[in-house]
């Protein structure tokens, strides 16, 4: 056997004084790290396959386990980090493209953390959300301002299709296939209870979930998986996926081994075949083609449903957004470069795209400069991590946010970033029946509802502090924001002043 | 309502508890020849072994009669049922009137006539608290004990006396032990196990003649003893019902409500004939659970709520010297056998049903098999491989599991 | 160096007062001056101002521009602009009275103008939009010039100082109007700039406002999409533009304007007290005009060509009382000020948050 | 009456219920002590493991309670609907094992006695320990 250059990334630390050899770690590890050795009468670990998903740590009833980074060190090198070296070894061994999952983990600046919020003092009162109404209901869609009054003084106006959100938070696209059926059920039920929407992703909609249609956004992606009339009719809105923050410019690939009976039916492709979404929509090579698809989908659904166009945040996002705002679409969803994925080439995930904060700021300003902000609602995603991020996004100009990674965390995901292996120990990014069952939607949906409720409470607290009692008065209210530690260029792009100004 | 119960063991307690499920106030009188609070007859061997104390031999708590409003007449022997006047006549001539009468008289040891029996220095049966108390008072370390009968009672006696380091010999006419519950192979495993603990067996022969301290066997051997225990079987106490004109065959005949052929007279326990659902035959099922449940059913009927006793089958849970046996049903049918050391399993199938089983050694969860026999579960509905592997709920379909375990009925 | 309005956003507390006579009877300006004088402590001497309606009956068909000039140069530039776009019927300095507390006054001029028909036609705008655009243009483009009043048969008078002093300064006892509003200012960080005093006016819309709206930048960034330019960064300015947009440009009656800017809470909309049709409209308003919702404390009196509207924010975070005496309706931050104008009113009440009081001239 | 129910759709077969049950009824203050020194306390709940399906089985506290009716020593009784075992009185005859249709009576091989679920009414858990321990809500304590 050749030399294995790859070191285990992690060490399993087991406290023998605490281990009772119940073997729950062994039973729960899909990577088969733990074993009971009857000769030694103790648990042993093969760390090479450990991904640090923390399932064993979490379930160990005596807290006997710890997973920590392997202390083994290559010789220190400021340029050639151990990770870079490991990747070279990996590729020298495999000859393949490096694959990763979930969002870009690199230490790029997080602009959310460099923006501070305002609060009222003296000259106007903060509002206590426990005593006064505090509103977070949000409408998404074109906002046609025209109105006239008939001879009886009755207002006459036209209504554009819209989405109505009780909280300005939706669950962004994750396909059935990339995540499990139970994960989909969790999202659907949570969206229903929360009065918001989840997104099918590009994998179609399982028949069992048609009943959640009123809270479902049906995605149409370049692979067109599972897209047919009834699917489009079932959802509350249609999303055309042009790109994804985690992998701008490339398509998707769900390996055939994950295409089981149910996924095959839902995606309308043969069992066991790879599901490959092309990088572009082959009927959209330009903006006018997009307009045709938007209008076709509207025509197909009787002009009753808002159409969302989702793009990855790339360098000229503002111009693209301007085009989309004039395409007939009702909502634009922009996905930042930290957005998650079930699988992406590592280099793309870590090096392509721009931060959502900057993309949002420039898109919102551009649309206002062109006087077309009303044509379209702006939804942003790609690492909205907490309620403060939501507040900052809305104040920068977003109508609502998409969350996905946070939603998965609520379900138990520990961001081990191994979704692509299909062996998710938390039952989320897997199709293995024994693993899928680990995600009990009864528990998970309540956790997800709790999370969003908690965020909603916090959003209301922060709004109240600013003296704002309705989310629409926060939208685009950049005076409520100040930058900290940002350059003038960054401040200009964000359209905010520096703290102290 | 005036209830009278003759007898004070499991069937009697079942009757009391059955009556009280329905009728909280009616008068209940218990007439018992034995002068004890109700005690568990099977516990006498454990008592003799010292595993059960005087306090714990009792089948129900000391306040059982008080709590259930029961009047007791201990040390009183019923000699006659006067159906005309609806009363029980006692040996002292007193009469006890009843509205509903329970005959739970149980059985007595069968002692066959044998030559020279009257010469035996110490001869006991093994059926009552008094009998083991008498044995206890005589037994000493090294005592030579001859047990006649290698059935359940004889071997339980042997196990108990082994605690006293007695020198035990068991003689039985049959050529194997426990023939009523074990097949040849299982009997042989158990025999070896018991022998390994020091008990000797002389099988296939019987006593030709006793003298004071020895027995000459028909096969020519002689066995010396300090004590003889006769454990060849029991006979139901049916006289009271028979004398009153009630229908009696091998035991008292009852209908499904446990009523005898006499009006307002019920019977339960070892004195009655039961219907074995596994073999569809009538037989005496001298088993404590059976006695209790018959009593309970009878009690409910006596108190006016019609209840039927069905699905009785022969079944035994017993162990000797740490080797446990659980058996149930009948052994007539197609067999599946597994053997591994002291572990022995036999499953008997007939008519697409599990009819009976023997588990020895590993007896875990045997009740699942028992329920299959009692509930006549079609083998088509179970996973046969799992069934053969071990008793498990997994062998049933999801729907049945949900019904059984989840309380979800579809 | 302190920044003035337009360079930074200045929150301010204030007092407001106003009244209207429904039958169009004109009342002397001294009445409104007295009403604000009694709320002296609500101002801090950094701004006061008035709007009077019906004060120029002799020029009732002309737009009356009141203009501050920092310099003659600015005046010359502005007058050239006005000449290019309007036919000037009359021009003069606005008469003032020397007052010890009013200092550093700019040049204050008044023009009664008609739009030049050719220019108006060229612009393809309706007349009022044309005038508004011109006013916005002067204010935005000509350094040192500021048109602070531009309606017909009405005028705004404002200055840095206590409002009662401002009233004397402008000799309001020499004007009679069927409606008056007044504002006393308590800004927290301004050096005091005459243009920054209230009322804020565009055409005949004037706003006096007490409050500090928390929705300011959301409103500003939205309304600026429609050709407005919020130079002053003040609440009154953006509120005026919003009302101008909704009322004048979209044609929305003031009752509905109130339902946009002080929209009922969802809990009220869903409470069942509105008809299904009304619920549908309110939902539509909250969807489509959501960026024009004003949150945070405000009490405003809007003056317009034939009436006034008083409105509180929907939580009523600022005081405002209203009263009626005969055919006159009074609105003020405090009851005491109403009592100075009419000691024994027929009815006095505290309007609920979000419920407008709209009073117009009888036909 | 509230009982412990197992939903096999969610049972992972992790066996945490067994270990928690064993510890809870061991008398030891925590799980580590309960199993310290190679001790193997007996669980009153048992997992049945299949290839796709797992579930836990414990006493159903059924109305018929053949175990109580057949108990030769009087060790088993019904207290407020809960079938409890007086372990001091149990002689280990296993008649209850023979009778229980669910196979829910557990044999404590070491002591030749039986152990059974009493819904944690006789220990300090308050609520059944298995329910609290189940990571996937497969075991619930509820009225049905």
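Each chain gets a letter, A, B, C and D, in the order it is written, and its residues are counted from 1.
Keep in mind that, in the parts below, a residue touches a chain if its C-beta (ideal position, glycine included) is under 8 Å from a C-beta of that chain, and two chains touch if they have at least 3 such contacts.
Source: prediction; values computed, not measured.
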**Message:** Quick check on the contact network: minimum steps from chain A to chain B?
**Reply:** 2
**Request:** Return the chain pair with more inter-chain C-beta contacts, choosing between A-D and B-D.
**Result:** B-D
**Message:** With centres defined as the mean C-alpha position, give me the chain A-chain D separation in Å.
**Reply:** 43
**Request:** Return the distance between the CA-based centres of chain B and chain C, expressed in whole Å.
**Result:** 104
**Request:** Round to the nearest whole Å and give the separation of the Cα centres of chain B and chain D.
**Result:** 28
**Request:** Determine the centre-to-centre distance between chain C and chain D, using the mean Cα coordinates as centres, and give it in whole Å.
**Result:** 79
**Per-residue overlap in chain B, given as positions that touch at least 2 other chains** = none
**Prompt:** Graph of touching chains, which shape: line, ring, star, complete, other?
**Reply:** line
**Item:** Contacting chain pairs - touch in the sense defined above
**Value:** A-C, A-D, B-D
**Complete:** The residues of chain B that touch chain D in their complex are 10, 14, 40, 42-43, 46, 51-52, 56, 58-61, 288-289, 292-293, 296, 315-319, 322, 324, 326, 328, 363-368, 370-371, 374-375, 391-394, 398, 401-402, 404-408
**Item:** Residues on chain C engaged by chain A in the complex (per definition of touch)
**Value:** 9, 11-13, 188, 211-219, 221-222, 224-226, 250-253, 256, 263, 265-267, 281, 284, 286-291, 293-297, 314-315, 317
**Request:** Could you pull out which chain D residues touch chain B in their complex?
**Result:** 3, 5-8, 48, 50, 53, 55, 57, 60, 66-67, 69-70, 72-74, 88-89, 91-103, 105, 107, 112, 144
**Interface residues, chain D side, partner chain A - complex** = 9-10, 12-16, 19-20, 31-32, 34-35, 52, 133, 135-138
**Fill in**
Listed in rising order, the residues of chain A that touch chain D in the complex are 17-18, 20-24, 27-28, 58-59, 61-62, 433-434, 437-438, 440, 442-443
